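Heads up, there are several structures right after this.
Heads up, the next two complexes both have subunit A, just with different partners, subunit B and then subunit C.
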Partner chain A sequence: MALLNRSDWYDIARDTNWTPKYVTEDALFPPQMSDCFDIPREKWAGYDEPYKTTYREYVKVQREKDAGAYSVKAALARMKFFEGADPGWLSILKAHYGAIAVQEYAAGMAEARMARFGKASGMRNMATFGLLDETRHGQIQLYFPHEHVNKDRQFDWAHKAMHTNEWGAIAARHMFADMMNTRDAVSVAIMLTFAFETGFTNMQFLGLAADAAEAGDFTFANLISSIQTDEARHAQIGAPALKILIENGKQEEAQRKVDIAFWRSWRLFTVLTGPMMDYYTPLDKREKSFKEFMEEWIIGQFERNMLDLGLDKPWYWDIFLEELNDTHHGMHMGVWYWRPTVWWNPAAGASSAERDWLEEKYPGWNDTWGQCWDVIAANVAAGREDLLLPQTLPVICNMTNLPIVGRPGKRWKLRDYHLDYKGRRYHFGSEPDRWVFEQEPERYAGHTTLVDRFVAGLVQPPTIEGALQYMNLGQGEIGEDAHGYDWAFDYQNFRKQAV
Partner chain B sequence: MHPLVVNFEADFVLQLLPVEADFTMDQVAEAAAFHSLNRRVKPQSGKTLRVRVQDADVPLGREVTVAQAGLREMETVEVYYE
Partner chain C sequence: MNDKNAEGHLHNRVGPIFRAGELASAAIEALEEDNPDKEFFIEDRTAYIRVVTDKECVIRRDTMEDILGRPFEMQELETVLGSFSGQIEAEEEFMRFYFTKTL
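And now, the complex of A and B:
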């Protein structure tokens, strides 16, 4: 018997809606789990997902994707890329897996929420595939780093990181939980899939794949671009949901949620993706700067998506564009200077040739960030290890849980955007971070940053060593300079020749 | 222990600074300098470090203590060369 075409039966088969007789509508779809915008269910019948697939098609394609990624890994295992890889590149792998792999499972739970509580059957259908996608992303990104664990304990953090109180892990959990795991299905659709997955996953999974291919790491390049093909599909859950919200007079509230999620995503990427692209990737393998990738993948595309739907650019757009020049340089310097507190070995990326590249991509870098790296390089040359490591903690933002950074040197610009709420002072790294808090203060007020916990005496002994213990960082795991300070000697020699 | 948030001139990050309530502003500045000067910021000779509450127009007196200045815990202060 010939199979019917998909279009002949898809609309009927996916429509699993019925009218409940034994429970109320609200018991079947509790608003806090389903739709906090309270759009009547019949309006959700108009939800039209742009990407239609069936289970049979899905399984066939996914099987081929997995077979491809695993066979590239198996074929290249004999090439011993790992042994010859630049230490900066290995740091990218460690940071990526630790920050991402376990969060993929959390993303699976977010998809599951849409699959169960979405009132639109099209949303439920797509999110069911999304749940399978995220399960695949979790499994494959735990499996690939696992083969390196016996050579390098830091790779163990692919699984370990999210189960610790390491500061970067707290930051990732706080941000992803806010966007994915503590919202109703409709908010997840617009915050996770539209605001985050549409643009930002391209940065981490396609931009970085370009650098990976340049660096000769075809296993990783293949893996993350394979993942991105799934993201590109299930990221489309959000736009049709936004359309329905706007049609039903919820534009302002929808805009607010998109703005929150976009800002939070941006900030996390300044500490994760920014340093990888502009400092850790070996200079001759860099495809583009972080800022150029942002311009390509985020700015044009996201702006267009927003305007096409009838939304505006976020109110903080000018602040965001200015931050593209600065914030990730500060996050990088913070990670490098406090390197014992991370599970990878930060590459300074400040040799003379790298500094020329940074100055070209970010005019004024030498007068700002370069001023600090001058002092650091001089300390390396003088053997002052005591000045190369911190004796206190950076102050952490009560929204991002990342250090509060600004621009140093000759154009010093750094401030605390603080707020007093119910007798407690909260510190923020930017005006939009404070704004996010003010939108729903009770949602965020109870959380304590690592520094709050330190000040409250929860970290014992109250020293850097005590903080490392609190973060579960043991010997063989704590970060060191990826290149044993080689970059600094190179820069010092360059300076001597120049004099 | 009386923790402050320090923003040191020409540095890139806010830092936690544990001081005591009877520290003078000169002592606060010195304690703050330990975490920035010669680590990421070059010292400037012949100038004095002053302390002001973030956004204040004038610095706090050099002999004024943390308690006298009424600085709350985790108050954000700027330490800069005059």
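And now, the complex of A and C:
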């Protein structure tokens, strides 16, 4: 059967706009759900999605993608990779699935918002496929870890994490809800699909795939890179929206929203992706450092695209570049120290060979973070496990819900950025975090971090045990050192030899 | 502060990032054929292959058919197109990656 060329019918078929007669325009497209920038609907007619697809093409291509992902999994299941995998690598899988799988469904709701409330018919069309994409990502990233649940209860957190009050889950929900689920369709287009999906998802779904392939986990490498092919398409919902906004004099507001989403994404990745790439991935399997992957995907690729679309660098660019050297090291140390409060087993990644690598990638690491790990290694050697575990909770940022970290040792730098708003003092881990709050205080003011809840008496009994219970972490789920402190003995022996 | 990173986005390197495999190899061959005046740099990271050239490049459906020796729909390339640097124009007969501004 001969088919028409897509270009012969696409514009007519997808152009489902009509003029409402029984309701007002604002009733059909309420600004708070549709377009807070208030661009007239006729202007949205100029929206031209650059990466088009049709339902026939979509089904054919997605079927092929799924066949590839599931057949690789089935074939490699016989290789027994799991049984021989480094515990640090398994922690990457646990953290990844728990932080991301269920959020894919939330991303589906964000796509649904654009599919219903986008004033541009091209946006609605692409977001309909984006909704199907995110449903696929939710299903497949719950299915893949499920086979490991009978061997290791922490894999159950692929499904469980986002339904708990675990602190990392609170942080992820707060950030994703801000960017995806509490905004109008146009804001979602530029904050989620442009800032997050043409930018940061590349780090977690392609950068990490390079490490996975090196580590021999081809099932995971194949899965996440397959997911990113969907992202590459539906992420293109954002670029034409940005063009319309800029054409209609909304560049400043668009820039502000992209800057908010960029910073919030960056901060979440310092606790999720940074430790995975620089500490959990076995040393001989690391393709690049976290900073080098950031240079490739975010500075070299995403930032260049921002300029091409008519935006500028975020105002905090210098702060961001400086943070590339530090923030994720602090987040990692915090996660390792408070390891009973996470659903994976953090790998310290501080053996003598790993420290050499860190010093090479981050000159000055030994004089800063290394000094803290010296103390931890000495406490391990002295058998003082009481000093290796937290007695209380850290100070948490009211924007990121993550610990406020600075830089220890010889280049000490630690600062609390606070703000008094309506009688309450808020604490922030950085100037941009405080700036995000100031853009829309009422959006954020009511939220309480885990520590706020602790202080308010919501966590009972007010002990670490009570906090673990509040976070729904039970025996067999709470995190331990991934390698049973082996790294510390290695480092102590190294130091003795050096003396 | 790192001076290299302060300038890290000031370039014109454009191009697709593929998942490795038969289609990716064919697409790289097509890029060389369809853009004879361009020089391509390939960064192979096992899980993905970054293809880089200056400012603009195009992959044509006809060229892909010749290389693969079978009918080919441009949309099939999506199965291996993990990401791309620059803007995209994905049409039935070609896929193009480009920058509108030269830095």
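Throughout what follows, the second predicted complex is superposed on the first by the 498 of 499 C-alpha atoms of A that agree within 3 Å, B and C clash if a C-alpha of one lies under 4 Å from a C-alpha of the other, contacts with A are read in each partner's own complex, and residues count from 1 in each chain.
The definition used in the following text is that contacts are C-beta pairs under 8 Å (C-beta built on N, C-alpha and C of every residue); 3 or more make two chains touch, one makes a residue touch a chain.
Remember, predicted model here, so these are calculated numbers, not experimental data.
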Fit or clash for subunit B plus subunit C once both are placed on subunit A?
fit
After lining up the shared chain so the two structures overlap, which partner does A:Cys372 touch, if you call subunit B first and subunit C second: first, second, both or neither?
first
One more residue to check, A:Val61. First (subunit B), second (subunit C), both or neither?
second
A:Val455 in the overlay: touching subunit B, subunit C, both, or neither? Say first, second, both or neither.
first
I want to verify one number. Taking the Cα centroids, what angle sits at subunit A between subunit B and subunit C, in steps of 10 degrees?
140
Touching A:His174, do we find subunit B (first), subunit C (second), both, or neither?
neither
Taking the superposition on A as described, I'd like to know which of subunit B and subunit C A:Arg339 touches: first, second, both or neither.
neither
Per-residue contact with subunit A, leading partner among subunit C and subunit B
C
Distance floor for C-alpha atoms, subunit B against subunit C, superposed on A, in Å, equals 20
Pick out the shared contact residues on subunit A: the ones touching subunit B in one complex and subunit C in the other.
none
Subunit A residues within the subunit C interface of the complex:
5-7, 50-53, 57, 60-61, 64-65, 68, 202, 205-206, 209-210, 212-214, 221-222, 225-226, 228-229, 231-233, 236, 239, 287, 295-296, 299-301, 303-309, 313, 317-318, 321-322, 324-325
Once bound in the complex, which stretches of subunit B touch subunit A?
3, 5, 7, 9-18, 34-35, 38-42, 54, 72-74, 76
Which stretch or stretches of subunit C touch subunit A in the complex?
1-2, 5-6, 8-11, 13, 17, 19, 45-48, 50, 73, 75-76, 78-92, 99-101, 103
For the subunit A and subunit B complex, residues of the former touching the latter:
330, 333-334, 337, 369, 371-372, 374-376, 379, 387-388, 390-395, 403-410, 412, 414-416, 418, 425, 427, 451, 454-455
